[in-house]
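Both complexes below contain subunit A, partnered by subunit B and then by subunit C.
Up next is the complex of A and B:
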């Protein structure tokens, strides 16, 4: 376990009250639920747990198997592939109502988490002075690349967190962290946007709360909607959160060095090359069709960089890390300025993302460790942070 | 249980950027030549994009409009020319949805002579509660030490009323009789009106002409202890029944006389800093920081939760009531050589014409507005550099329709131009064909974009709204330099060095920043690192009318 809290001088949470761990489960098939409950029982005494689930959970348990286990009903989440604002409101309310000491939120594929992973996540917020325990999943290469290309580098550079999976669906929360997230979530629920994703790492960092990142081993990624649906939703939510917290991340706060103790996904080497041809076709088509939009968003140097790679052949296709960082920053800025309709804007970023994926695959299949490349991307985002801040503060289009 | 407002932070006004507008002047939705609430609602996204966080509405109540609405005939309704109460509520909700607060006027010193209270008072027997809603006398010799404010139109503060067979007291126009706060019924009615709007969700109230509420013979009838009791009663009611609301005092007095209106944080949360404004213009014209530093030195400390309201221009004349006779003469010569530009001893011009439409001077003064300790208040149209019309009477020169585009009536209204409440500005420099929102939105280098960027930048740094100010005293007096500092909750500091060149020529300056040795100044607009501060004098060169905002960061 390693602490990645960038603000260590904030006092620890006050003494915890209550006597149990609230485990809030996502809706999941019965078989997975049984497996997960068995893992939980192996980790904690049943009387210390309060299970909240939208499913009829008692059906999943052999009769009288855990007589002291307390079970309560939880509202069903509207979507299943990520935690939403409504989930955090529910978690906080259930914890308060039942006098829980801490909360473990477990997503749909959490049955793939082992006993020790569950125990570590819970103990981090139960026994240590941690407010947010967040898992570091060990995923196969070429998995979760929206996270690797955008979410992880952006949150790392701007919130100085180094949390590898900022949108993790399994979390340990202290009570004050849950309250903070519920407070942030109310902004969305009031506007009937309860399905909006929240950014616990950003919230914890702004509040000066302690974050622990824990290695939890392999994990099955929940199936979500297709890229065209999920990409604007996730990037838009993160861009909005970054906009709302601009006064925070623009303060002097360097990225902490990559700690050797911070767990990272194991160094998988990329296996057989994925087919990048459709990605490059999408990029090249967009290069022809989306020039007008891209030229509203990107400065001449970036457009020139894209022009150069648009003609590259598949085998040598690369996007430099710095160019990618600037592209994402310029789209973030255009999102803030509402340069064009936000939906269209994020749609216009998808072909560029696909180009990055193609480049990433090329880089990793030529022998570079995927995690090393992703860390290089993070460093590029950190190096280009001044570019973002200067453009954010004075968004004149007459720039290099 | 206290009724909550739209803002969650009780000190929201400290970080606010206020935009002052008249509903009548902003946008006309029904083509009758008069702006209205549906029109304002249609333009609310413009205000959100500009970055303002609080909209200050000039009076919109039923009124004969002989003083631009400050002559109120009904405190709890909307002037039909501007819409209905429902329209106002729709606007209020839309503002709140955009995280903007709404500030309205509570004009309690006087009413219109058309208010039912005054009509009844004239007919009521002397000594009756109805009659005593106002200040009556058989003689016009009472309160002789009170000065006349509207010197260009009024000869006395008393006017004879034949029906009542008595004189009535009016500190402003004769058609605006003063309410009598010695009558408890007046306070009761004022609180009733106040609750009406606060219950609806209004976030803030500007207390108009607050020093004149109570009269006592042998005094100037200004800032009397009894007046402060009235303000305390209003504040106590708000504190008891509402949360996160704001009272803003309009007291055109010296800083020392305004200070009591904050009380011990038991009167107003905010008050305008009137004397600063003319001195900023004087300092600019004289190319000397002294007028500014002098008035700031005379400005007393205020309670922690209180705040100054700062402005460059507003709907009234640029008041010169608080400068010496020599200074007033200088200002008249410097800024209003045409007598039509003057009224009541002040200057009735807008920001851009006052500064000869010089973009760098406009930017410089705005940089002071946005970086001095207090909450900045922008006057509608100044963000695009609108001009004025000195051929309109009273202070209407600066109250012309907002210039949205180059279409008919500047996009303000589709009515026959002859129907407009005032003509739009049409001269070749400031005319709507040249100066309008649409053109400036499409021009990345426009004053509108500049203003928007500066507002956004200010909002990133809480130090501007909440920090202390410390003036540096470089030898070159054409340079105004000051440090803003805020200690954050974690003990760290947010420190900003502001340096402004008041001269039309480039100026060198050498600053003593030894106390900040080791800090790295970061130019805030472009996020550019400047040389690290040492014990040696810190030397800068500033272009004409330029300014620098430098955040002092720990050395990276």
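Up next is the complex of A and C:
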């Protein structure tokens, strides 16, 4: 890996081993990068930092702009804003090559993280016995809804983890965690699937590594491809990971209670009702056209539930938490059994997800705290886990 | 065998010695001769084909049995060698459904390969015995291969039509196109019409009529779809262009959510 700004008075990596923090940055605009580097230099002594950025390959990060920092080039990430398998392989290789003691991976829009947030994430893996430091963002209501609807409830119920943002793009990793993730990622890179997202929380839970969730305050969610592109990518990757770790999650593990010490996003209330009409229209259109496909995936009971809500008006539109949990579990089972083409399957889930979003917005605008509703969804996923396990083991059994 | 049959089918010589009416006797004699000769030819032909049919059936049965044995052997051997686990380890997260595990696939493939081999050998045996008779039209066997090819075309075309129809339906629904089903049906029938025309052409049925009918049908469906999409998606295209222009003016990046999802400003899916 070419060093863009090799500073003569910086000792070689072998001599610096033990005190280095490798900071792997995603590609970002110049003003964001400057803000982030300023925050990093305010959090740590410059000599303890090794910055790896894909921008160092191009002229976006000039050599003389940060003379006190050691900057190396990192391979560019893909178009997706998520952390991919290739990112984890690169992180592990760079850490090994440069003798880093821990890794801080910072995704797009990480310039919105404050100095204390960056320090907490890094210190958690540098000084404590934590293997995976993961942020808990304080997001406005109606933000990160795929996470709230599918990623968080599934990860919680199946891996007994209370990590609120399993797809966080800012992570602190110990060396052994980085090696473990790189090992998992190599399966994908070997198959030319380096763009696939990885699930660090699931890997850490299966390996028995320590996870620390840290409150990092407000965060700007990164822009990316549209929902129809990113939704199948993310949910498909999670379903694949769940499928691969079936032997682990089928054993009973109680979900830890949502303790008050566990950081949670602030209890925002939805002050303004979002417009749910387009989402309801999307659901109605799908209900008219996708019945044939849904009936291959969902049992009659769930189809009946959908039929009931399809006739409801906008003000009273609700999807019960148990019905939503069963729908997601049935799609997970169909993904495993390849009932229909997997791309089609995940595409057919999008209108149902939009219906859940409309229902969630209705519930929160009626005065319910969004976090309370999301916790209720998690509990429903936990309660329906026996249904998933039963159908996973005996998929051909009668299922009304 | 042929001599015996010829003897059996020869007209009785005594009959010609008892004429009631001389003119009718001659006609009857000729008709009887002609009938007997044609029956003789048909029976001879059937007898000459029978060994070929028998050879075909025997070859097919033997190779089917071999295929079953080989399939069972492979299934046991690969299961004992934990072949599925090895494949799963080497192919990362690409997992297999229980009904389509690598072992099951290999066993099934070997069975059907044996059946196919039996069919080929049976057909060759049939061909060899049939050529000696050389009485049936010589285009029958090549035509059978065309029939098999046409069957494959039909299966592939039907599967492609279903796959494409579903892809279009789901894509159109997620893009909130009101005519999603119509579009999906149009694509499905386009592929089916194309498949039908290819199958008929492969079977050499219809000739120019099929080509002409296919051209009219295909062109008609494409024109209908083009009109429907062109008229129906004006709003969608204008909304998309407006949204793109606004976002490129503000940030220079693509919008995060499509206008079709209708998410308000306060909603972010990720």
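The rule is simple: the second predicted complex is superposed on the first by the 369 of 400 C-alpha atoms of A that agree within 3 Å, B and C clash if a C-alpha of one lies under 4 Å from a C-alpha of the other, contacts with A are read in each partner's own complex, and residues count from 1 in each chain.
Here is the rule we use: a residue touches a chain if its C-beta (ideal position, glycine included) is under 8 Å from a C-beta of that chain, and two chains touch if they have at least 3 such contacts.
No experiment lies behind these values; they were computed from the predicted model shown.
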{"item": "Superposition on subunit A - do subunit B and subunit C clash or fit", "value": "clash"}
{"item": "Subunit B versus subunit C as contact partner of A:23, first or second or both or neither", "value": "neither"}
{"item": "Subunit B versus subunit C as contact partner of A:378, first or second or both or neither", "value": "neither"}
{"item": "First (subunit B), second (subunit C), both or neither touched by A:177", "value": "neither"}
{"item": "First, second, both or neither for A:393, with subunit B first and subunit C second", "value": "first"}
{"item": "Partner chain in contact with A:344 - subunit B first, subunit C second, else both or neither", "value": "second"}
{"item": "Which superposed partner A:208 touches (first subunit B, second subunit C, both, neither)", "value": "first"}
{"item": "Touching partner for A:52 - first (subunit B), second (subunit C), both, neither", "value": "neither"}
{"item": "Which partner reaches more residues of subunit A (counting touched residues only), subunit B or subunit C", "value": "C"}
{"item": "Which superposed partner A:250 touches (first subunit B, second subunit C, both, neither)", "value": "first"}
{"item": "Superposed model, subunit C segment overlapping subunit B, candidates 2-10, 20-28 or 56-64", "value": "56-64"}
{"item": "Touching both subunit B and subunit C, residues of subunit A", "value": "338"}
{"item": "In the complex with subunit A, residue positions of subunit C that touch it", "value": "91-95, 97-100, 163, 166-167, 169-171, 173-176, 178, 180-181, 184, 251, 253-258, 260-264, 266-270"}
{"item": "Subunit A - residues contacting subunit B, complex", "value": "7, 9-10, 208, 246-247, 250-252, 254, 338, 386, 389-390, 393-398"}
{"item": "Subunit A - residues contacting subunit C, complex", "value": "81, 140-147, 167, 187-188, 190-191, 193, 196, 221-228, 230-231, 234, 240-241, 243-244, 272, 274-275, 277-279, 281-282, 285-286, 288-290, 293, 336-338, 340-341, 343-344, 347-348, 350-351, 354, 357, 361"}
{"item": "Interface residues, subunit B side, partner subunit A - complex", "value": "49, 444-445, 449, 453, 456-457, 459-462, 490-491, 494, 522, 524-528, 553-554, 556"}
